[in-house]
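Below, each structure is written out as structure tokens.
Two complexes follow with chain A in common, the first pairing it with chain B and the second with chain C.
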Partner chain A sequence: MQSARSLKKARRLSAFDIAVYAISTAVGLIMLYPFVYMISLSVSDFQPVLNGEVIFLPHGFNTAAYRVFFADNSIWRAYLNTVIIAVGNTILGLAVNSMAGYALSISIFRWRRPATIYLMFTMFFGGGLIPFYILLSRMSLVNTYWALIVPYALSQWYIMIFRTFFSNDIPESLRESALLDGASELQIFRQIVLPLSKPVFATITMYYIVSNWNNYFMPMLLLDNSELFPLQVILQHKLSISNAQKMDGSLNFDFYSAIPVQSTRAAAILASSLPILCLYPFIQKYFVKGVMIGAVKG
Partner chain B sequence: MKRLISIFVVLLLVMGLIGTASAGGDDIVKLSWLVPTFDVNLSMDLPVIAELGRRMNVEIEFRNVAGDDFQTKFNTMIASAKDMADLVSTDKDSLALYGRDLFVNFNDHEDQFTNYFAVLDRVNCRDRVEMDDGSVYGAARFTDEPGMWYGLFMRYDILKENGIAIPNTLDELTDTFAKLKELYPDSSPMTGRWGLDNNISFWLYWFRTGSGMYYKADEDRFVYGPTMDEFKQAIEYLHMMWEKGYLDHETLTQTDEEFYSKLYTGKAFGMSDYFGAETNCNVNSVANNPDYYMCAIPLPEINGVRGYTKIDSYVNTGEMLAISNTCENIDKACELVNYFYTEEGANLMCWGIEGETYEISEDGMKHRTSNIITGNNPDGQVTERETGCRIGNVAKYWIEAVDVENYSGAQREGKLLYNELGVGEPISPLLHFTEDQTIYRKDLSSELSTYRSETVAAFITGEKDLAEWDEFLATLQSIGYEELEALYTEVYGK
Partner chain C sequence: MYFQNSSVTHSRKRRSLMRDRKSQMQLLMMIAPALILCFLFCYVPMYGIVIAFQKYNLIKGILGSQWVGFSNFARYFNSMYAWRTIRNTLLINVYDIVFGFPMPILFALIINEIRNSTFKRITQTVSYLPHFISTVVLVGIVKLIFSNGGVVNKTIETFGGEAVLFLAKPGWFRSIYIGSGIWQGLGWGSIMYLAALNGVDMSLYEAAEIDGANRIQKIIHVSIPAIVPVICTMLILRLSSILSVGFEKVMLLYNSSTYETADVISTYLYRKSFESSYPDYGLSSAIGLFSGLVGSIFVFAGDRITKKLSGNGLF
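Up next is the complex of A and B:
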């Protein structure tokens, strides 16, 4: 009887709890609104969209904007390019950064401090865009996938996150025991450190994939061949065209398109962000722990 | 036997050599082209571009850059001087800065640009593409019959419905606004987009003036707009429109979507905008309201004189095509550029391919085929641009008749009206500033423009009293508009 009462007491919400739930719900709705609005715009009938009547829920139902978007073959090619770049960059980046982070986490590593300072320095002072472009050009990387994979394989920020995680979450004694058992550093890294580091790997994987998925500027700058364009470049072309259609009245664009530019734009944005949204739930369980690594421990 | 084999091998080698040599003449030349895209991504897959490739024996590797980011990419390539494309779409200002070092001077290949120069000379416009030292680093877009840009548009159906005559003078226009406001108090007679400054520029044209330095034809001199009486009158008029609610206050902030939705739904009845905007309104509203008809009204007569509209010029130096010094086949690149200015080249790039994108009627006139979507044929399957026709930066010789073919009824009517009224702006003489003068002019103009823009907006919205106009002029004077006028007078005098 007493336990039932205490259970009931525990279930009773305090004013603070209610406030937290209310604020969280409000923030959640604010976050959700742009998505709902985009979905509504992209599937509504054209006239309400043109008249500015779509505010929240769809008016009618019309999927023509999606049909037009996906009918363009360059979109599928762009999806593939994005996946190639994102996967390539993620695999190479995880390998390079995790091993660098592991090396810097070993306390007896003689060059640990100078190497860390050197990496930190380059976080704040870069060579600039033009030298970077010239360097890649001289290495004949411009206009290849490698231009977007190789330079980003090393990230000082991710190395620091790995280093912090390995230093704080993997006991030094584990490494020492393994060394006593005759394991090499590579074996220790592969067989002991890696299995214990799922959260940080999941987090960095997410960072890599999202940043690659959203990367527009560097592909725009480094790629000329439209066969290699990733999704964001194609998307920007499409949005740019939409803007031209709606802005340049003198060129009679708008009436060529049976679909309002708002609908096309919303469909394009949703179709391009959907894959990355689908990825989140699978990594979420590691993500909360992972994102805290760099934030609270140094 | 050995001798026979030797002869056979030698014969084979000779035949191979002959074959290679003859094939060499038909080798397709590869050229790369850095181009901003606003319409469709350019490629050899587009029928008209493929036809161009066949005729010129070239394969063009287009480097498409979204128009908004083109300048960033162009600047990076220029700064690094690496990986420059053979052909580069750019503008005259960029060529003035980088032409000497990076691009081919067309004067050094004058015999290869006979068509281009002939077209420019036909309308006495070669000086428009020349740098201050006379060199030419690019091929500008040429328009055979310059068209009109700006228009003052109103809903004819609404005017008719309420028995209001089409206004002709400024007073009649004001009366029209007043009547519409009285009849539809929740609507605005006029709306606008892209901020107040953009709308001011239209109205300054209606008042025959401008926001910066411009050529005043009747006085044959360059003047600074804000110091002119017409400029003050225009601002006073806009202030009156603002105060009485004739001009939509959201003109300051609204997006294109909001702008159009007001016009579609009767929350606004008119606009100062570009030709073509009225077509958007008509096409997108007629399903809801079959009587809907937005069309240009006469530019108002002010003090007995009718306003100007901005017109295109024969030569658009904002869209130039340059040939990079690093191009490995400059002769072919010159040939291609020059081809655009031939009758055949212009026809291909504007009208396209006979039977596929256009046909010739019995009276000898060209018309779009039924598969092409136009203002009069919205049921076509593809736009002309999707076939490669009439793509900005690529169609270097713009045949205006194609535009006319594409116009919807309202646009055609509007332009015919403006042609009848003869409201095209006077052509400004071309001034050649030296590099130092250019920098001085740009700096001073920018400073004047910032102050003018902010203050004029404040006058219109009532934040600043029009009684302070003299103070405004005094500040412009202290910034240095007189020096700017003096510079223009000096350069024009030369």
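Up next is the complex of A and C:
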């Protein structure tokens, strides 16, 4: 009787429910619309784009903007650079931060508190951009991949996520019994903790991939050699090419000048975001996990 | 018998002491790479703070440059840029706190009311999407949407209005900056609140229902009180960065015609040291030090306030 009544109640949509669905549908559409607009601008025929007729769905079909984008060798070079930097930064970062997080998760570790304070202090106070830049140029790191791989490998935030995960999800008794068997801390870490910590490693890996993929400012600041430019720097360069520059013939595509800037820009935006959007289901899952782990105060 | 026993405990104790010393050493070795990187790239640059008190010359270096006391600070605060950049930085943050901060909370409350779990999941997944695009892409999209031939101006023209140069008008900068920030951060920002809402005991809602509460009353009297602690923490974290703005985004979005409302402390600092033909490192370091100090004060003050209010702080 009770359940039948609540079932009936659940089925009936009140005005309140309708408002909830309407608002969330509207929000969802607002979230998606810019992407739809980009797709439509990038694949529509030239004339409708130039006339400003493309505002929602594509008019006609034309892949010229994409062909031009991928015909440029600097793009492939940029993808490669981004991958090199991301892989280097991710591997180094995972190693450094996970080991530090492990050490900090051990309650008998004597340097736990001083090391935590030492690391945390720099989250709130630093020397600033200029001394950092001068330091890197003195170390001859400027204009190399290393400038983007090494300094940003360390992340106090990820150390804390690792620490929280290790101290909450790895039973201390496991470590103690391994110690009795004569294992060293590094062996325990590699053979016992690592296999149990796949979720947190996956999460932090995703964080590194996304932040490297999207990084613009630091590469722009630290690299001069265009051979080394990662994707976002090249993308920004492409987005800032104006109509006037296109017309002056410095870009040697016969058909290039016919393509509306809106289309080339939209195509560049989508093509450079595509890998992230393809990985999105995984990224989203692990990112949400990361927020949850980070939210548990250590 | 007694003797033997005691020697066993003794040696066991000694063994465990040795093992402990070994463990301590091994753990220190494991954390060492992080400590070294932190020293090199976080602590070493701090010595550069002295540049703020020098007429810094890149060739002469810190030891050879002339000391000028507080004159770099004085130059900044006496210039017309000090007021403009500090005001813009504060205003962007204040508007963002007023308009941007409550949005994820409202969104979380609405999501929490969706009964169909599939629909709920899809809405959430879609709303997280903008979080993952880069600032370059975000600004690129904003420019396409608001440009002269973009969809916004086309819509205005369709309804008989006149096209607006949104990206070149100082009056529009803050709205565009904060609006696009809401678009990008709405779903992502709601995760923490939704997690708190999921933790609410269902019996509280049932009790409220027995007392005759309708759904809006349940939101006001059950849901909102449940997320107040999260709201407080988030607000304090947000307040602590009141003197910093998404520098990358401002830099990509502004242009010389919108400096009046868009030029913030960090972009000014950047132009002074990296975009000028005579880089003024002394001045930039002084500005950086000033905003860094104010930022730290806000963090520690915020932490104290949370400790007073809720009994647990950020650290």
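Assume the second predicted complex is superposed on the first by the 241 of 298 C-alpha atoms of A that agree within 3 Å, B and C clash if a C-alpha of one lies under 4 Å from a C-alpha of the other, contacts with A are read in each partner's own complex, and residues count from 1 in each chain.
Note that contacts are C-beta pairs under 8 Å (C-beta built on N, C-alpha and C of every residue); 3 or more make two chains touch, one makes a residue touch a chain.
Note that the coordinates shown come from a computational prediction; the quantities given were computed from them, not determined experimentally.
Of the two partner chains, chain B is the only one touched by A:226; chain C is not. Between chain B and chain C, it is C that contacts the larger number of residues in chain A. Using the contact criterion defined above for the overlaid structures, shared-chain residue A:77 touches neither chain B nor chain C, since it reaches no partner. In the superposition on chain A, contact of A:52 is made with both chain B and chain C. Look at A:262: by the touch rule set out above, it reaches both chain B and chain C. When the two structures are aligned on the shared chain, A:184 is found in touch with chain C, with no touch to chain B.
In the superposition on chain A, contact is made by A:151 with chain C only, not with chain B. In the superposed model, A:97 lies in contact with chain C only, and not with chain B.
Applying the stated contact rule after C-alpha superposition, one finds that A:130 touches each of chain B and chain C.
Shared contact residues of chain A, touching chain B in one structure and chain C in the other: 50, 52, 129-130, 133-134, 217, 221, 236, 262. By the touch criterion stated above, chain C contacts chain A in their complex at residues 19-20, 22-24, 26-31, 33-35, 37-38, 40-49, 51, 58, 107, 110-111, 113-115, 119, 122-123, 125-137, 140-141, 143-145, 147, 149-151, 153-155, 183, 186-187, 191-192, 195, 214-216, 247-248, 251-252, 269-270, 273-274, 281, 284-285, 288-289, 292, 295-296, 299-300, 312, 315. Contact residues on chain A toward chain B in their complex (touch as defined above): 47, 50-52, 74, 129-130, 133-134, 137-138, 142-143, 217, 220-221, 224-226, 233, 236-237, 240-241, 243-244, 246-256, 258, 260, 262.
Note for the complex: chain B touches chain A at residues 32, 34, 37-41, 43, 61-69, 72-73, 76, 79-80, 82-83, 85, 147, 149, 256-258, 260-262, 264-265, 273-280, 283-284, 287-288, 373, 375, 378, 383, 392, 403, 406-408, 411.
Listed in rising order, the residues of chain A touching chain C in the complex are 10, 14, 16-17, 20-21, 23-25, 27-28, 30-32, 34-35, 37-38, 41, 50, 52, 55, 95-97, 99-100, 102-104, 106, 108-111, 115, 118-120, 122, 124-135, 150-151, 153-154, 156, 159, 179, 184-186, 189, 210, 213-217, 221, 232, 235-236, 239, 262, 265-266, 268-269, 272-273, 276-277, 280, 283-284, 287-288, 291-292, 295, 297.
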